[in-house]
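Labels run A, B, C and D following the written order; every chain starts at residue 1.
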Amino acid sequence: MQRIAMLGSGFIGRFYADSIQGYRNKDKIVSIYSRREESVKKFAEDYKVGHATTNMEEAIAHPDVDIVCISLPNNLHEEAVMLCCKHKKAVMTTKPLGRNAAEAKRMVEAVEKAGIFNGYLEDLVYTPKFLKAYESVKNGALGRILWAKSRETHPGPHSDWFWDIEQAGGGCILDLGCHCVEITRTYIGKDIRPVEVMCWADTQVKPIDAEDHSIALIKYENGAIAQFEVSWTFRGGLDLRDEVMGTEGTIWSNNFLRTGLEMFTTGKGADYVSEKAESNTGWLFPVGDELNELGYNHMFMDMFNALEQGQQPKESFYDGYVVNAILDACYKSAKSKLWEPVQLDIWRGQEGVSKDSHLVEYDADHYLVKEEMTHYGLKKLILKNKQTGKIFEKEEK
Amino acid sequence: MQRIAMLGSGFIGRFYADSIQGYRNKDKIVSIYSRREESVKKFAEDYKVGHATTNMEEAIAHPDVDIVCISLPNNLHEEAVMLCCKHKKAVMTTKPLGRNAAEAKRMVEAVEKAGIFNGYLEDLVYTPKFLKAYESVKNGALGRILWAKSRETHPGPHSDWFWDIEQAGGGCILDLGCHCVEITRTYIGKDIRPVEVMCWADTQVKPIDAEDHSIALIKYENGAIAQFEVSWTFRGGLDLRDEVMGTEGTIWSNNFLRTGLEMFTTGKGADYVSEKAESNTGWLFPVGDELNELGYNHMFMDMFNALEQGQQPKESFYDGYVVNAILDACYKSAKSKLWEPVQLDIWRGQEGVSKDSHLVEYDADHYLVKEEMTHYGLKKLILKNKQTGKIFEKEEK
Amino acid sequence: MQRIAMLGSGFIGRFYADSIQGYRNKDKIVSIYSRREESVKKFAEDYKVGHATTNMEEAIAHPDVDIVCISLPNNLHEEAVMLCCKHKKAVMTTKPLGRNAAEAKRMVEAVEKAGIFNGYLEDLVYTPKFLKAYESVKNGALGRILWAKSRETHPGPHSDWFWDIEQAGGGCILDLGCHCVEITRTYIGKDIRPVEVMCWADTQVKPIDAEDHSIALIKYENGAIAQFEVSWTFRGGLDLRDEVMGTEGTIWSNNFLRTGLEMFTTGKGADYVSEKAESNTGWLFPVGDELNELGYNHMFMDMFNALEQGQQPKESFYDGYVVNAILDACYKSAKSKLWEPVQLDIWRGQEGVSKDSHLVEYDADHYLVKEEMTHYGLKKLILKNKQTGKIFEKEEK
Amino acid sequence: MQRIAMLGSGFIGRFYADSIQGYRNKDKIVSIYSRREESVKKFAEDYKVGHATTNMEEAIAHPDVDIVCISLPNNLHEEAVMLCCKHKKAVMTTKPLGRNAAEAKRMVEAVEKAGIFNGYLEDLVYTPKFLKAYESVKNGALGRILWAKSRETHPGPHSDWFWDIEQAGGGCILDLGCHCVEITRTYIGKDIRPVEVMCWADTQVKPIDAEDHSIALIKYENGAIAQFEVSWTFRGGLDLRDEVMGTEGTIWSNNFLRTGLEMFTTGKGADYVSEKAESNTGWLFPVGDELNELGYNHMFMDMFNALEQGQQPKESFYDGYVVNAILDACYKSAKSKLWEPVQLDIWRGQEGVSKDSHLVEYDADHYLVKEEMTHYGLKKLILKNKQTGKIFEKEEK
């Protein structure tokens, strides 16, 4: 059983609390901190939390607290983490870890120096679909991974602070790109170094200083390529799709808008459909159990199990730091219009991985270009002569 | 926290145990009973169960046990239920409740006389999709419900006893139809009386005495119609689809084969994909978290919450009895080739509900048959004169 | 090149004309007949038809006409067919052929006596998807066919005469069921005799005398079963889905609402989406080329090719007659509540087909019930002893 | 009626011939040229072509020929076009027009100087789905277009010459990217200038000199962004998907692998499924009528109709030239790793279009950032003060 101090009582804090306390879990929020008195009260009532305070340190230091859950705006993460270090409390932080890699690095160094458990709450690598898909990828069902793409777009966040570049630290790249970077990085392999980044970003629709649409490519040392598409301008709901492609297969994952539940209604009895849905008439695509589909349940399970077993969770602050470093390169690239190197002062994966070979041997003299079954029943081979380089067709039974 | 005695250590008992103990739940299996020594040992080890026995009554009577979970073949349900009554233990039973309504009725009467908590483990009305869909139906998003259909087909059950008509009590009607009947009955309204049934059943493929394919219609007192399609001969995996249609909308739910996760693999790294999948190469459709998608998690949550709050769970033995009564009528109809009445000695819903009217008033003199927008921008009405009965078209701006 | 006399200038006549003249076809409508002067004029202008008349016989008898296309309300088919016989003109008729089997039989006998080409315009067995699926079925990709289902539901027809039981001859059974019957009959085999029928029908929503919702089962001599679901009360567009299930596989076909084109729009620029769409905001599912997807193009191609090659088209009046005979049995069954025999005075398929066996030999002493791969890598067999009837499990490498 | 000379009898020439002659079309191939004697003979027999030759000029100059259809490897397009100019024959050419913009420009200038009809056979902007989607885009259903993406990936082309960089002129960028560029350019607006390009390309799998995987971004003068994803390394069939996103909506189009036809087969009766399918067991996704779904039918209809009406077809050589210019920039960028300008010596669209504004007025003092309905029924506004730049929330009824 874990006893949690929740820092922050907003949209995400409530989502977390619903996940932690909304099922048959043994875990319990025992302290709630929020900046606003009325908000902290309401949360304490709704979730039956014994200790409620507008003093952050008090919540963290509370003797009943086993682990602190940071659900605050991005600009307040570092301060909260430092207090957890001071009081030697296990800590987990909502995404992104910092507003940039410098902040993130300071947090990594602080928690490691303090020797405290640290978890990075990247829920989207904990969705049931991702977990299942990743298992297949690890088992080799897709062969060597060539490309991974993650897309998260919707009509924009719910709270005002997201839209303010000072508090948020950025726009949709930071808000949504952090998910996509970690999803694709996990598929490609966390021990493979992200090398350089090309990013396009623009403010196409919203009257804000930050970007509201961005696309980026991230090159990994082994030649694999990651891609993200993020936007706050999408119309139609919350579009959460991942794809990964390997030499032996592909996976398509639609996490929100097409999950097998489809409803048409003329609009009588209209009601809340799901997060960021834009309509409640016509064809609608609700999600069964949002908390579960968004990965919250399996994420907290991993965090608490790891803590109890004295292990690292799948996602730690170090992962958050790598993500921030990649996003920093994205912002730099969006401005410079150049491929920008990913600056990783701390790197714990493989070093000097070489690019995978693309030469498939057919026989001593030839490489295999392609093999296919013709519709008249013969096997057609396309081969390349190793010496002359000539490419030619050949049919076989 | 609930302490459970599990009766049965087979396929379904393990599924239940994974759901009850596989997350962060506070609930715990404290006793396991199975007929076979080696099976009971293995289960106790795998799930760290303190008390293991091949004596059913011993498991039930164990002082630590709060609630008994029956996961035995159909022919053993009654005996187990009677022992729970004797020892005044809360009980929940896998589906179907009995092999027929007579058995089910005896169980209902026994638990009610004993005054014990009784839950009917019909997981498919607890899937996240069903819960979400049903909420919309209750809110009126579909208007008046006209028709509900549930389909469950797959290549046949895993264990031998299912195929033996004596132990199972029937074939796919009893095994799968019980799910479909309760799903459709819930959409139409549990307080509406099922009146009569028409059922076709046949043994088309398997060398068994029971049916391996069946289709049935169930008429309700308010004029709504339910339908099931069940089979043990389907090729392609586990096909679990529901549909419901009302005057204002429709819902389509695909619970297993199309849930937004799609994988192609040439077959390297082949592995277990999901329950009753038939292939591990080509295009595959794994399910993220089977336990959750099949409703187990939300089902046990309802059971344990209800027990703790001194309430009835959503599904009680009485529901199991109604399902058995409908299935009895199905078997009778399959033989007699007639619409057979549903015999309900105990009925706790509404009495004498009349069929819903199908006359929609347009104005004092006319009924409205149809209204549609033409592609040239006019509203086209089809009206019926109340007196003459004449039907005619009319266009409006 | 074929020169066509079109009888009828309504919704369906225009659909047909768009198909015949809207592409690069060599065929041409040379005469148009309609009951109303203004309608006939408009059609002639729109489709550049040389000869326009309100006299049916004049259109049929016109010397330029190679083939007559009947697109009239059901109650006028017979009269038109008789005139084609009189003038020895090739004829093709929209579906259903007659209002009942008696009418249909008279038409079959008349055209055969007159020795004229006769085509039955059942477009839905000519959709590109059906043609492709059927090819696989014929090739044996699904093994022995066990069940075929066709569903057509929408919010009701466009023209007033459909709603009038006298002109139409029935409700949605006749209007939509005729499609479903021929689709499922083709999958099962046109030479297999439909034996008996069970049908439920009701008027649940519309203020009409005919049925607005019906479900039926049709049993074939070889033990296969067909099913239809038809309704004029569905909300959400035109739902056109077929399924077929065999011992070796299954096919799911969604012909209209989910064809791979998905659009979300807030509603600006709203416009005609597709036939029987019910909304033009939110998520919409337009169809690329309706004429093609609904089978019109491939249907007329078969008709004209057959005519030129002196062959029968895939669908002739005889098929229309069989369909009407099945629908007659449906109407009878809906009233009598009994399985009603299909009365076929003319039967041209196989006679005395016996029911397919369901006994699959495993070895001399056992039948095979089921074979599956366990997730721990063994093959699990469920076998039945031929003599004792006992069913048991066995594992093999 | 059009009489066609077909140059090339390979895979694509046969696809074209099937489209032109496989339905009820009045058009006819009257001459066939191919380099190989046996191939030309076979084609002439199969398609009943009167004139067959291994002399290209002879086919073009044949007096019966109205229009020449070039279906040759990329390196032979220019020669064929020049001969058409010499003989003043209308011409249409398969995609891409040239191997690079220089070749394409010479062809544009030649046909325009010769004053002959010229069509660019970009079939994928003629698929029924694209035509329907584009109509909605033009009508404004998506508002202002922000982003368009096209993806074409498959396991590699059928013929050897594609894999040879000299004959083909490039790899998957040229082979597949040409489709994607024209699809996205059409959605964004053909009169909007493509400004600059960022492209990543690599040879990840195949033993060839050309690229087998590439991703690119194309920036347009109005701020819209296009994207392509192309590969010859995809496993799972022919993946053809487009997306377009505007301020008011989105369109998703799946042209091949998910079109509403789904089949499971254990493999008995295995047969040709569809172009570039990789399996014939398990779950398969055949396409109804490939020729139609791939746009060939509507493409030739536009070509021939335009020719007869003395108009330009939707796709002319000039479009092919713009596509080649964009692809040239892609190749340059893939090497230089820089955003490369699109060099367009000939530009016929709008000049000096400025970037669309992203400021949406709420009232005199504020911009509107976002408006959404809360689930407790209030409208929540996020506004930005025009002067202070401050962003804040506000709720309204």
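By our rule, contacts are C-beta pairs under 8 Å (C-beta built on N, C-alpha and C of every residue); 3 or more make two chains touch, one makes a residue touch a chain.
Chain labels with UniProt names: A, B, C, D = Oxidoreductase.
What you see is a predicted model; the values in this text were computed from it and never measured.
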item: Fitted rotation between chain A (Oxidoreductase) and its twin chain B (Oxidoreductase) in degrees, CA, nearest 5; value: 180
item: Over-half contact-pair match to A-C, picked out of the listed pairs B-D, A-B or C-D; value: B-D
item: Gap in Å, rounded to a whole number, between the CA centres of chain B (Oxidoreductase) and chain A (Oxidoreductase); value: 36
item: Distance from chain D (Oxidoreductase) to chain B (Oxidoreductase) - Cα centre to Cα centre, in angstrom; value: 49
item: Inter-chain centre distance, chain B (Oxidoreductase) versus chain C (Oxidoreductase) - centres from mean C-alpha coordinates, in Å; value: 33
item: Numbers and ranges of chain A (Oxidoreductase) residues touching at least 2 other chains; value: 235-236, 248-250, 264-266
item: Interfacial residue positions of chain B (Oxidoreductase) with respect to chain C (Oxidoreductase) in the complex; value: 146-147, 149, 153, 155-156, 158-160, 163-164, 198, 200, 202-209, 212-213, 215, 217, 219, 223, 225, 227, 229, 231, 233-236, 239, 245-250, 272, 337-339, 356, 358-360, 367-370, 372, 375, 380, 382, 384, 389-393
item: Residues of chain A (Oxidoreductase) defined as touching chain B (Oxidoreductase) within the complex; value: 1, 23-27, 127-129, 131-133, 135-136, 139-143, 248-255, 258-271, 286-289, 292-293, 297-298, 300-301, 304-305
item: Touching residues on chain C (Oxidoreductase), where the partner in the complex is chain A (Oxidoreductase); value: 235-237, 264-266, 278-279, 281-285
